[in-house]
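Structures given as structure tokens follow.
In what follows, chain A forms one complex with chain B and a second complex with chain C.
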Partner chain A sequence: MRTSLVIMKRELQGYFSTPLAYVFLFVFLFFANFLTFRSPFFEARQADLRIFFDVLPVLFIFLVPAIGMRLWAEERKSGTIEMLFSLPVRVGEAVLGKFLAAWVFIGASLLLTFPMIVTVNYLGSPDNGVIAAGYLGAFFLSGCYLAVSMFCSSISSSQVVSFILSVMACTVFVFADYPSVLVVLQKFASPGMIEAVENMSFVVHFESIRRGVIEFTDITFYVFFIAGWISAACVVLHGRREA
Partner chain B sequence: MSDKKRTAAALLCIAVITFCGITICDHVGRFLRVDLTENKLYTLSDGTRTVLEELRRPLEMKLYYARTAAMKGPETIRAYNNYFFYIRDLLQEYESLSKGKLKLSVIDPRPDSDDELDAVRYGLKRFSAGDESFFFGLAVVSEYGRETTVPFFAPNRQPLVEYEISSAIYNAATPAKKRIGILSSLPVFGGGLSPYMAEMMRMQGRDVPEEWNMIGQLNRFYDVVPVKDDGGNVEDVDLLMIVHPKGLSNSLLAAVDDHVMKGGRLVVFVDPYCVVDPEKDHAKRTSDLNRLLEKWGCRLQPNAFAADRSLGLEVQLGPNEPAERLATFMDLRGESFNRDDVVTARLEAVRVLFGGVLEPTDVPGVHFEPIIATSPSGNVVKASPKDVVVFSNPDMLKRILEDGEEPVVLGCKLTGKFKSALSKAMPEDGATESAEERGDSNETSPETTIVVFADVDMLNDFVAFQDTFFGVAPLGDNMNLLLNVMENLGGAQALSTARTKEKFTRPFKVFERIEKEAEAATAEKVAAVEAEMAKYQEELQSLGKQPGGDEGVVMQGDAIEKRRQLEEQLLMAQRELRKLNRDKRLRIESLTSTIKFYNTLAAPFVILLVALVVFFVRRYKKNKYLGVRHE
Partner chain C sequence: MYVAIHYGREPSVINVKKLKKRFGPITAVDGVSFSAAKGDVLGFIGPNGAGKTTTMRMIACLTRPDEGTAEINGFDIWNDSLNVRRSIGYLPENTPLYGEMTTLSFLRFIVDIRGIAGGDKERELERVIDICSLGEVVHQSIETLSKGYRKRVGLAQTLIGDPAVLILDEPTDGLDPNQKRDIRSLIVNMAQDKSIIVSTHILEEIEAICNRAIVINRGRIAADATPEEFRKQGGGRIDEFFETVTRGSE
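Up next, the complex of A and B:
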């Protein structure tokens, strides 16, 4: 774990040594707020962040893979992956370190949307417990996107391919609970299967948390989901190291 | 096995483990949760939890919300979206707490679809929204086809929404009609004659006691039966209703006591003076059940009548006499009702005639909750039932009645575990029994509810019903009060404790304040402009009414010119009014623009600024380093 934390620190420093972090923060903050105000935020006249949290799942589809695509694809392309694995570092530690760095960075980006909290507290008396739950849900949600993106990054040496694969995979998991998707599934899948597919949607669990109720099942979904995809990335990279 | 195959096998194992882990946790821990909302909006009351735990068969909850119609419709309908989200989330909470017994489906009934037909068939309220129909209700359907509904979710009834939903679920899961036993000294069931015999007696000019309309009302929803003289069938009823109890035998009292001790629910109507009592002796028109009720938490004050000048109805005592307010014949309104109790929360007007006064007897473990009362200015009139002139004469009441300082309780709800009000060794019927002889039994009932009202006439046809062109119709909310009590008590005991919900809306107070300030600032001007407009319109109308004739031709020419001027002035006034309204909006629009600007652009530009600073600092350091190296 200590090694993972060292790698995480090094990665985080790496983000800010290039324009990547600033560009990401700029784009994320601009679009998160822009899309919120483009929706009927003022017309609803409700002191809550429901609309803001509505925007995040779609925004994350494009922005989180942008962070995740370079995690391993860049290392592989530049050849630094061999150097990394020549160090006394286990694959799992390296994967966890990189994942945590990216996740903390996205978490920090979320925190930088605090002017929205100030805004709704100025305009009315929001339920800050619900807002806190919403942010927690958004953090876990971003973790899921990131884990998927990291896996995609581990299987490709091209960042573009990794990005496209990530976007596609995340889209599937976001829209898994959409009625139109379920209607199609109904034609050939059993009810239990449909329920399982629905339950794999990121959004179903995010919806549940952001209304202000933290459920054990939602948290365990995120934990298992993230752990599963991180483990898969470990397996792929381990195979490459062995090769 | 090749490396690729090994990797693929490992990935498959991970996928299976992940999927199984998620599925197992989903089933094992679905009841572990923390509600972080300030008012515990999604924490269902213990009453609702009990109802859900007792579900034995699966039920389907169909939430109909015409979302498409709402989005296409006017602003007023679109405003329901927020409430829809709350209701949907709340129903999801029901679903997750039901251990798989409830299945929620959210339906958007589009025009001419089967869903729309179903919504109409379930009896959900339909509103027109352009070319679409707007629905927002719930249908709960059991596997046996029993259907119950919440016809419309009105945001202003949010405090009651948990009760409404829980009640619909409970009723859908409980197929049999509840049985109400009525014990009364009055002929509430009529004479028990067949329609043929009754008609024959009428033809002979004899009085035929008719069944009270309230029995018909109750029969629509319940199986209503009279309680036998010896109380032998009390055990068979789900709910016991006692109306005007007079001279109850010990066996009947024991049956009532037993009913409560077994957790049965009880509704009691007592009266210090029952107008519809056929008893000739006025002193004997009184009834009470104090012998039992005192031990259960309340008593009817003897020789006391509730009166309230502000609620008194106008009555005409003689054919040529002017109508006067009678403070003891009250039309309870507004603050007379306990808005926190599901029984009375929605009532508007209940009539009470010569009602009595209920007071708590402070029994430990029993909660006394007033549900109907006079206004705070109501007071007590002390009079014996035989002094009819004291409490029924408006002039007399005017002289003796003073405004009180707190409401006089006319109806109350007692909740808790009750102790038996009778000793185990009851004397035989006919033997007199002193208070000292009655010893308290240690028997305690399960948690149950007793509702007591201090008026009997409020149930009778001449107070609670009126003749209309279409037949007899309920007058005011007297019958609604009775039905609410029965629904509340006839349901699961748990339902009677289903709590009211706090408000979920959190409006932009700053906007409201700005609007109020702007309205206050422009109120005079708006009023002046509106008055001016009204004047112009009046003048315009009067011009249109001017007579014709020879002179009229000349006048018509003038009139046309004047009309044109007036229309111009009216247009200008309308423009000015629009400008005033626009000024009101401008302040809000300016605030929203500022907020949009700072949120959308300020934060990203701060990041940009930091990036530039970091870039220049790094370049400076690099140049400095290169400079040193160069030297």
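Up next, the complex of A and C:
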């Protein structure tokens, strides 16, 4: 764990010593605010962050892979992965360190949307408990996108390829519960399979949390989903050494 | 500039046993065995694609051999990989480094990874910065450094924690003659209490820094002797000898 924290610290420093962190923060905060406060936020006359949490799953499809794409692809491309793994570092420790750094960074970006909370509290009296639950859900949600993106980054040495793969994979997981997808599935899949696909959707599990209902099953889904994709990245990177 | 020949007197720190590695139909390394003791500076020399880097990567636990194994400091490269990597300082080909970091923050990262803490941390940093003469560039970001300095930062990285074995893949590649000389004298100065493997395709380098050289050709050891013996066999010219052993099998 100590090694993971050392790697996490280095990664976080890396974000802020390049324009990456600042560009990401600017783009994320701009679109989060723009998409939330454009109509019908004021017309709805409701002091809550419903629209923000509606927008997030789609915004994350493009922005989280932008952070995740470089995690391993860049190390492979520049060859620093050779140096890193010649040090006494376990693959799992490195993967965890990098994941945590990116997740903490995205978490911090989410916290920087606090002016929205101030705004809705100024405009009315929202249920801040629901908002807090929404943020918790959003944090776990971003972890899912990130875990998928990190896996995609581990299989390619091209950041562009890993970005495109991540966006595609995240899109599938976001829209898995959409009626249009399920209608297609109904033609050939068994009801159990359809339910399974529906349950794989990030958004299904986000729905109840953002309404203030923190259910054990939803949190469990997120934890297992994230752990699964992190393990997959570990397997890929281990395999690279076996090759 | 020369290093005393130690082998035979010191126990082996590096023990490579019949390493074999295939990439598809190509056998990159084909049964390479050798050993090296403390004080040895072992030169790996051979044409491009001969299997030098693959052999070094296997010893540094970066790729798994198909057959054979190696012991570093008594630890097996695959079963005890973490301890092997604690005993090794590895400089990969082309010196990949985190360009956005400053020299100091990069070295500090390596010190942390190697678990050096407390007062030892600053002492260790001072030591390697001093050995590699990096004092002037500690606050400069690595991507703005000259090639010579980048190599030195790479070398400094391998020295942190004072590992018993150094594996340096083409440490002088792409440097100007002065920088080459600096790096060579650095290696020679470190040689007394370490076991060092240096790969190169510069013949003069073998004579300048190594007390023993292994010629690798097509994945096999074509010759293993001291540079003097190479010269003798080449009729006074080391390049003659190199050509004979590497072209002889074609």
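Methods note: the second predicted complex is superposed on the first by the 242 of 243 C-alpha atoms of A that agree within 3 Å, B and C clash if a C-alpha of one lies under 4 Å from a C-alpha of the other, contacts with A are read in each partner's own complex, and residues count from 1 in each chain.
In this text, contacts are C-beta pairs under 8 Å (C-beta built on N, C-alpha and C of every residue); 3 or more make two chains touch, one makes a residue touch a chain.
Values in this document were obtained by computation on a predicted structure and should not be read as measured data.
Student: Let's test your reading of the overlay: on chain A, do chain B and chain C clash or fit side by side?
Tutor: Overlaying the two structures gives chain B and chain C room side by side.
Student: Would you check which partner chain A:S157 touches, where first means chain B only, second means chain C only, and both and neither mean what they say?
Tutor: Neither partner.
Student: With both complexes superposed on chain A, which partner does A:G14 reach: first (chain B), second (chain C), both or neither?
Tutor: After superposing on A, A:G14 lies in contact with chain C but is clear of chain B.
Student: Quick one: chain B or chain C, who's touching more of chain A?
Tutor: The partner making contact with more of chain A's residues is B.
Student: For A:R90, decide between first (touching chain B), second (touching chain C), both and neither.
Tutor: second
Student: Output check: A:G79 vs chain B and chain C. Expected answer is one of first, second, both, neither. What do you get?
Tutor: The second partner, chain C, only.
Student: Once both complexes sit on top of each other, what is the least C-alpha distance from chain B to chain C, rounded to whole angstrom?
Tutor: Nearest C-alpha atoms of the two chains are 6 Å apart.
Student: Do chain B and chain C touch any of the same residues on chain A, and if so, which?
Tutor: In the superposed arrangement, which is not itself an observed complex, chain A uses residues 242-243 for both chain B and chain C.
Student: Can you list the residues on chain C that touch chain A in the complex?
Tutor: Its residues touching chain A are 57, 60-64, 82-83, 85-86, 88, 90, 92-94, 96-101, 105, 109-110, 112-115, 141, 157.
Student: What part of chain A is in contact with chain B in the complex they form?
Tutor: The contact residues of chain A facing chain B are 16, 19, 22, 25-26, 29-30, 33-34, 36-37, 42-48, 50, 112-113, 115-116, 119, 122-130, 132-133, 196, 199-200, 208, 211-217, 220-221, 224-225, 227-229, 231-232, 235-236, 239, 242-243.
Student: Spell out the part of chain A that touches chain C in their complex, as residue ranges.
Tutor: 2-3, 6-7, 9-10, 13-14, 17-18, 78-80, 82-83, 85-90, 241-243
Student: What residues on chain B touch chain A, complex-wise?
Tutor: For chain B paired with chain A, touching residues are 3-4, 6-7, 10-11, 14-15, 17-19, 21-23, 25-26, 29-30, 32-39, 41-42, 75, 78, 81-82, 85, 89, 92-93, 96, 505-511, 592, 595-596, 598-604, 607-608, 610-611, 614.
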